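This is the structure I want to talk about, given as structure tokens.
Labels for the chains are A, B and C, by order of writing; each one numbers its residues from 1.
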Amino acid sequence: MAEDNKLLESLTQSEYKYGFVTDIEHESLAPGLTEETVRFISATKNEPEWLLEWRLNAYRHWLTLTTPTWQNVKFPVINYQDIIFYSAPKQKVKLNSLDEVDPELLKTFEKLGISLDEQKMLSGVAVDAVFDSVSVATTFREKLHEVGVIFCSMSEAVREHPDLVKKYLGSVVPFTDNYFAALNSAVFSDGSFCFIPKGVRCPMELSTYFRINASNTGQFERTLIVAEDSAYVSYLEGCTAPMRDENQLHAAVVELIVLDDAEIKYSTVQNWYPGDKDGKGGIYNFVTKRGNCLGKNSKISWTQVETGSAITWKYPSVVLKGDNSIGEFYSVAVTNNYQQADTGTKMIHVGKNTRSRIVSKGISAGFSQNTYRGQVKVLKRASGARNFSQCDSLLMGDTCGAHTFPYIEVDNPSAQVEHEATTSKIGEDQLFYCNQRGINTEKAVALIVNGYCKDVLNHLPMEFAVEAQKLLAISLEGSVG
Amino acid sequence: METLIQTTLQNQFIAAWQQAPIDVMPALNAERTKGFEFFMEKGFPTLKDEEWKYTNIQSALKKNWVLNAHNNIEIDFNDIKQYIINQEEHHLLLLIDGKFYPEYSSKIPGAHICSLQEAYQVHHELFMQYFSKQLSTAFNAFTALNTALANEGLFIYVPKNTIINKPIEILNLNGFEEEDVFTHSRNLIIIESSAELSLLQHSHSFQENATFTNVVSECFVGAQGKLNYHTLQLENADSCTVNTVQIVQEKDSLCNTSSITLGGKMVRNDLNFRLVDKNCESHLYGLYLPAGKEHFDHHTFVDHASPNCYSNEFYKGIMMEQGTAVFNGKIIVREGAQKTNAFQSNKNILLSSEAKIDTKPQLEIFADDVKCSHGATVGQLDEEALFYLQSRGIGKDKAYALLVSAFAQDVLQQIALTTYKTYLENLIEHKLKSMFKD
Amino acid sequence: MLSIKNLQARVEEKEILKGISLEIGAGEVHAIMGPNGSGKSTLASVLAGRGGYEVTSGSVSFNGKDLLDFSPEERAQEGVFLAFQYPVEIPGVSTTNFMRTAINEVRNYRGQDEIEPGDFLKMMKEKMQLVEIDQKLLSRSLNEGFSGGEKKRNEIFQMAMLEPKLGILDETDSGLDIDALRIVANGVNKLKTKDNAFIVITHYQRLLDYIVPDFVHVLYKGKIVKSGTKDLALELEEKGYDWIIKEVQAAAV
């Protein structure tokens, strides 16, 4: 036992390799949040009056709320007057091509493994790169434009496609939804907008890469994806941040809308800076993600690999309104050291013959706490609804915790809901078996953990899956139980 | 907002508290004061309270409840006989509206049995050692009120190495008073090391009046001790019960419980286990069949505070008509409770479009070398099986009842007392018959 | 190749091996037999380095190196292979993936480059035939949901892939029907060369009809109480272990 622990300690801690800071000039607001802040952000972006009003309403609503406390995470009170709500890298007012983007910025993304140079990109993935508060570049726009797909920054969408934005913004996550959704609605600075018109299968993966660089800033981006009838898109989201001693707030909102026979596949590899091994610093990742299966036979599939952040708190959810619609949630959440995660999903069955599937794999190590919280709700008219949930926890070491809180609420007698959960550790016999085949313990742990997460990783696009596997290994190095 | 009626009930609590004859059990004053102050501060829970999210206690309180004064009641034993399951095979203890009536109860060799107040006098040291000492959770409104106001109840003490030869049948008959009474009662059950006891407690409404019973039972099972504790609730459709059972297990002890709920307007069962030393084994079985407008809520909490313990929980529910049910099962494995094995399963079937189930199985694990799992399902009777039976000439209703009984059997077969098991089977069959008759 | 001298080992406080000495040369097959609880599987575990076993005395030298000095994976990398009595399940990890990882780790230890994917596949195909194992089985999660026979064949397949110098078969025959037993035994026989050696641990003589041992040793109460040729196994089959136990007891008096 003692030896195991020693091994555990000796193996833990690999450095966070995305922890560098880009030396670039920023235009930032002074810290603090008032109505003026909201007005400033809106004015900077030349927003129409209705959007300013919407933001102000959200802000006023936010003032009436208090930070929620029901979640199974602990953090000190956040002083919103210390946070910078808008920060952007200084650059020319309007960019005509990628050549005009600050080379420092391009270098940053190169360093992160995200090439914004279309010539250099290996495969067809269009990228929207968001640096602190603003989108700095979106690739492959021409190609997407040919098929009618709109993929641009949120600011641009507000300017170029105001009707679409007005129609859908806040339709899935209204600003009254929760504390952080209200905050985001008031101060969101940028984000990605995707629109896939009727009958179009998006010819490439769309991807947004989020990077927090400036210190003391909060990042509040907003993503809106609409898939019209029979449209399909696969969307990827990645994120990193520098290593800083202070905690930084990331409070994003993601809204998905799918119409008849359409499908959105949304994949996240979340690797915000998790803090150091003593729990100092790291990102507070308080995110509201929700999709609305409005159309019949529509489908939303969330896949997430959560390895970063000091605190992760999010529940990518699906409201299954359309008959025969499908919601899926595949999640791997890893916590190590002093990380805390309270994550899961909500599947709200409204329409008939709606189906949902939840596969959640939690892995806790170090002194971390990892919670699965999920709700499956079958409303009265949701005849023939089906849900299957599998929530497994893997514990490494005896100083961490794993928690499972599923809420199952069934109001229709023809529903079938199944929930299974297990908690286990990596067996000594499994490790010995690997050792006996010549595989050392560290490699064996990575192998076993990847096997454990396979049902989720299989749902990621190929390149993301490879990256996620590496991330898992890095996040858990040495956490042998 | 509090309604006038609740305020009236609350006024009765306050009056009872102020008039409480403090010389009844003076040594409890400090604890009782804590309970009363807790209640006055917090009041009854609302739907916003996570533990009462799906059970609307406020609506159950909306009635002209009269706080039970526990007057002595004249009893004709012939009126009671029909409720007894089996007087030959079981020892019998009679409680009327929560108050113990020794004159109608068996003398049980080896066990010390008396009323709560008598226990306070006769077994004072023992009483003080255990009373309200080891509740799993901090007070809630009901345990707090009970601690403050309960003067009646049953005390059972089984000393070291004593094995009680027959199961003890505890018959709870409620509703003897003229009014609709609100009753507090409190039971204290102490099983010392290597002692063994089987309890079979069943509650019925004596008349058509409604009753609200708030009962707390504390059970302590000493090292190597064994407790079988079966409970059945079968009250009329106007009566409410909040039944809290706290079981504390010492080293190498074994505890089997079954909790069957067949009747009552609102029945809330809180069953809490604390496994405070190594190598305990606990089995929890439950079955609930709400019909009409019945609402049955089972909360269980198994607290694995020590290593090498085993717990297994299996609850099943059948919701009919407008019946609703809640299952909330929590398992905590504390830091250091290595080699814990904890399993939990909850299976439900909904038989009507107006029936409803909310189930919430929870695991909280703070030790790594454990095996834990939980599962919950909600579904229907197998249509294919139904058709199969029908194709063999069995009428649809009969087939339905047969399949539902079969669903319930998984739980019933865990009950080792055959007479009681048969008794339950008949009750369930009876309840189902009234559901599925043409 | 393998030289065991006065090996003593215990589990927790219990002495299991009470002084075992055994010399195994290249090209040899040694059978170790004995009644239940005699220490057969403990010997296999100690040689492979399983945790929980404490060697209290004696030495084990493997090709001139002190085997007991090595970690379990180093022993494997040096060429010791244990076919488990109860092969372990690893959900989500295919046998193929598992083997590729293992082979690359071993190659890495020996200073070789990682195996080319093409070569690996070719090698797999070859070895699969050896133990008549299906490709489909190899792409499923390791041992998960495998039948007893499939697990044991998978063990021999892995042995074929890793080409060990010393193969230890820990009751590989237990729970196998005669067809599976023959397949497993054939696999082992085909792997036999003049350069490698095998220790076959078994309770029954049956397996030795197929894998013919050069030497048979009887283990009883943690000691080798009798050694002989394959005829000894036949004698045991006929007379049971009692006569040896009596002999031992008589000698002790």
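What we mean here is this: a residue touches a chain if its C-beta (ideal position, glycine included) is under 8 Å from a C-beta of that chain, and two chains touch if they have at least 3 such contacts.
As the structure is a computational prediction, the values presented were derived from the model and not from experiment.
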Review point. Could you give the fewest steps needed to travel from chain B to chain C through chains in contact?
Key: 2
Point to revise | Between the pairs A-B and A-C, the one where more C-beta pairs touch | key: A-B
Revision key, fill the gap. centroid check, CA-based, most central chain -> A
**Study point:** Chain centre separation (chain B, chain C; CA means) in Å
**Key:** 56
**Study point:** Euclidean distance of C-alpha centroids - chain A vs chain B, Å
**Key:** 44
Exercise for review: Can you check how far apart chain A and chain C are, centre to centre, with Cα atoms defining each centre and the answer in Å?
Suggested key: 49
**Study point:** Of all residues in chain A, the ones touching two or more other chains
**Key:** none
Practice item. Specify, in ascending order, the residues of chain B that touch 2 or more different other chains. Key: none
Check your understanding: Any idea which chain C residues touch chain A in the complex?
Key -> 48-51, 71-73, 75-77, 81-82, 84, 87-93, 97-99, 101-103, 105-106, 109, 141-142, 158, 162
Revision key, fill the gap. Within their complex, chain A touches chain B through residues 70, 378, 380, 393, 395-425, 481
Review point. Inside the complex, what are the residues of chain B that reach chain A?
Key: 50, 54, 319, 335-336, 338, 348, 350-353, 355-380
Review point. Which residues of chain A touch chain C in their complex?
Key: 427-430, 432-441, 443, 447-448, 450-455
